[in-house]
Amino acid sequence: MFKLDPDSRYMMPAHFGPRPLRKNPSFRYHNITSMTVPFITDRDKLAAYLPEPFEVGEHAVVTVTYVCNGNVDFLAGHGYNMVAVSAAVVFNGEQERLEGNYSLVVWENLADPILVGRELQGIPKIYADIEDHSIVDGSWSTTASHFGHKILDMQITDLREPTPEELQVYGRAPEGKDNPMGWRYLAAYGGVGQCVSEYTTFPSQTEFSEIRLGQGRVDWNHLTWEQNPTQYHIVNALADLPVVMELPAMVAKGSADLLLPDRLPRVIR
Amino acid sequence: MFKLDPDSRYMMPAHFGPRPLRKNPSFRYHNITSMTVPFITDRDKLAAYLPEPFEVGEHAVVTVTYVCNGNVDFLAGHGYNMVAVSAAVVFNGEQERLEGNYSLVVWENLADPILVGRELQGIPKIYADIEDHSIVDGSWSTTASHFGHKILDMQITDLREPTPEELQVYGRAPEGKDNPMGWRYLAAYGGVGQCVSEYTTFPSQTEFSEIRLGQGRVDWNHLTWEQNPTQYHIVNALADLPVVMELPAMVAKGSADLLLPDRLPRVIR
Amino acid sequence: MFKLDPDSRYMMPAHFGPRPLRKNPSFRYHNITSMTVPFITDRDKLAAYLPEPFEVGEHAVVTVTYVCNGNVDFLAGHGYNMVAVSAAVVFNGEQERLEGNYSLVVWENLADPILVGRELQGIPKIYADIEDHSIVDGSWSTTASHFGHKILDMQITDLREPTPEELQVYGRAPEGKDNPMGWRYLAAYGGVGQCVSEYTTFPSQTEFSEIRLGQGRVDWNHLTWEQNPTQYHIVNALADLPVVMELPAMVAKGSADLLLPDRLPRVIR
Amino acid sequence: MFKLDPDSRYMMPAHFGPRPLRKNPSFRYHNITSMTVPFITDRDKLAAYLPEPFEVGEHAVVTVTYVCNGNVDFLAGHGYNMVAVSAAVVFNGEQERLEGNYSLVVWENLADPILVGRELQGIPKIYADIEDHSIVDGSWSTTASHFGHKILDMQITDLREPTPEELQVYGRAPEGKDNPMGWRYLAAYGGVGQCVSEYTTFPSQTEFSEIRLGQGRVDWNHLTWEQNPTQYHIVNALADLPVVMELPAMVAKGSADLLLPDRLPRVIR
């Protein structure tokens, strides 16, 4: 008979044993290349997607980030691409107040980190085909699709070195601690009502060895149920968020660590 | 501010609204083509993977099933392939006793049904590249891999029409009600300990328009962590289940319905 | 030392021996499912893409055909999808006059038949990601993309059974012999000038077991070099062919044979 | 009517115009990462795959090279992976004698460079799924498959910095001019007999910014026609080449240029 070890970490299927991690597992991403496109949107429209007690941050900033993740330790050196959308928020909980970025949605092109992210961290990851970024005449671009229908195009042009002041501003947050937050939700069995609903934070640390700034844009494609039956409502919601002001976009290379021993993922209240 | 509608069905990300199903959604699979390879294994070895109160059935039968699912209604007519491994069991719960098949693992090549199956039904679905079946000289075969490393090869040869008696035996279970069961498990936040752990049944109905019987075989590939860091322990456990006796294998075509109004998915105790 | 056998059939790399076909190889496609969307276009615009001595046919008909090819004998039972565009033409050669369909371009999602088609038959095949067709509310659709950017959407709606008269008209050509033609072209080494340039015909035979007629449409996506650096000029040329009149579209199931012993592929002059 | 421009460069389909290259097109590969595993094999067995007038070089060296090509200019910044197998040879032609490497086969995971390489350069490229290399505990590995069946595994372990002497030896050839050679072959229409058969050289230049040496190994998988109907004879031939002596393996990063204005691709005689 199979018995759960109370000190081990399981995911479905649990009956074959705990997650097969190595001893002292590393969650290091050795090679990451990213495109970050932030913009200021309409406060009220953004607020409509934030569950209580999240509030729109001082500036209603939404950030779309593409990352090409290479040489990921817990995937035995394999990698994957992601497109993440987050909002600058304040978590105004009963027990704590936390400024940071709330994860609205994350597309990834590999199922393994999608399952871990959803179930263990509360990050709303879903699948898309995401092209490796391409560089033409100094402009960076990528695109994401599902079921053959495009979700978005991203592009960053006019890249230049940051000034020392900019380096402090744009290099700081990613290298530091930006309090990414999410909402781990699981429906009650059968679908109606909730079984698990908790707000979470999952700190990570990214170090950039190279940063350049430019002009970014994200072009969302409105979709129908017929085109993308599981995600069209998400894509359309994001496509309808107005771009009130574009902020400087960034391409960067570096590495990241998803496990910080002194700042473990935790539920926030 | 986003508020959950208590009568709606959500999955992460929940804050963009309920699962985008149509009115009176259909969960019909219009075209399924399957290869089923059952065998009798060692009772004790199989029992090691069954959590209490599941018990090995009268015969220690394990069934490996490949299905090419086409024209799936809730996926807007798209399809996907799966390889499912289940064991004949008896659920000996406090409140009920149920004979049926316990889902050991299901590989699928599309993330969307993986997420639904894991989170809403408690089916331990994970990802693999699964080739469409091929037919050479009347033999059917397929193969599944992940990260470029093969998980298994399946083959069915010597196909023939079933006798009327065989048609009753082999056609009955799939057309009828075979009580598929699973274990919906979600770790506590941070990974150690459990947050959700419940046994489930998720009846469906398959109708076959065409059945043929033959000799089946499944060749599992032993894998290392380096080859398949998220699944090698599952593959190796199944590779090590002895084939005590082969049972007749089957190829079949038909359709299925995952939602039976009078037999909804439910938790079993 | 490697020597070519003058009686064998080679493709690059030739030095490992002839094409590895079985004895009495079959080129049968056991399961094909197709969507055919024909329309009348502008004669002069179409003529601009026909090399001498091809002439636009009696009606300037262009046909876009999606085929899901399953269980292909020479691919050991594997399959692939294609989207073919052809024009009704008359070949007015020095030695013969032939009515049929000239292949303008064929996208396929598997490299193996692309190489065979280009090099041995003179069919201008190129690669695209082509979704399996999906069926929603009785409407059939599919889509093709490359490098993440869509090439076209195809859709057929309002499907109905053909009348006996229609069955004769629409069922006849595909079941019969429609003289598909192409242009096998190979540049001189280094790229400028020609090394091989010959017009070809490659008869095949398709038998449909099921035909339905409906309203078809093809939506081409104009592309830039940055989006599809190897094919954008082809896509844009087809996108700019006007639809002067839509003709009845067809979905069909059946099988095909690419090798007709009494009508072998040949060069036409 | 379509007419070929005699000064332009065409590939099938030619009737939509010349290859859509930019003005002064670049064939630069900005980011390449490679694994190179050379070994000495049996002279006679190798000679069996060399057409006259190629002869086995001074040492019967076969080299297996994996390359992850990123940011390729003529592909608008897209990339692809390849696994190339070549043999050290002497071309003993009527008009010239050339030492270099004869291309036995090249697998690539993108159709576009396959078509260009075969048709314009005479490189025997064919398709495979090729995983991005992964790095675990300092060991590099990758794998290639087709139709779900593995072709080979490559691995390089025990990596270390080269000595200055080694840097000269191993860094020199790739940075310099190594006379890659091939055999452009096209069958006569219908398949039997030849239409084009010419030996070629296609110089390129690779610059490595980083080189490390280690122990390499290539594990070939013997295959059947049923597993890989278009390539099994190639894979088996290479699997049967004995490894008489392993030579130092190399991982490297750098860039490459496929077009050298003073050393254009040419036919050799």
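The letters A, B, C and D name the chains in turn, as written, and every chain counts its residues from 1.
By definition in this document, a contact is a pair of C-beta atoms (placed from the backbone, for glycine too) under 8 Å apart; a residue touches a chain by one contact, two chains touch by 3 or more.
What you see is a predicted model; the values in this text were computed from it and never measured.
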Check: Same residues or different residues: which describes how subunit C and subunit D meet, taking over half shared numbers as same?
Finding: same
Next item on the list: Rotation angle, subunit A onto subunit B: superpose the C-alpha atoms of these two copies and give the value as a multiple of 5 degrees.
Entry: 180
Check: At what distance in angstrom does the C-alpha mean of subunit D lie from that of subunit C?
Finding: 30
Next item on the list: Could you give the separation in Å between the centres of subunit A and subunit C, each centre being the mean of its C-alpha atoms?
Entry: 42
Check: Where the CA atoms of subunit A average out and where those of subunit D average out, how many Å apart are those spots?
Finding: 38
Check: Tell me, which residues of subunit C touch at least two other chains?
Finding: 75-76, 78, 131, 134, 136, 141, 147, 226
Margin query: Can you tell me, using the touch rule above, whether these chains form a line, ring, star, complete graph or other shape?
Written below: complete
Note to self: Residue numbers of subunit D touching subunit A in their complex, please.
What the structure shows: 30, 70-71, 75-79, 131-136, 141
Check: Touching subunit B in the complex: which residues of subunit D?
Finding: 129, 131, 134, 136, 141-145, 147-150, 226
Next item on the list: Flag every residue of subunit C that touches subunit D in the complex, lowest number first.
Entry: 1-4, 6-17, 19-20, 22, 47-52, 74-76, 78, 103-105, 110-112, 114-115, 118-120, 122-127, 147, 183-187, 189-198, 200, 225-234, 237, 264-267
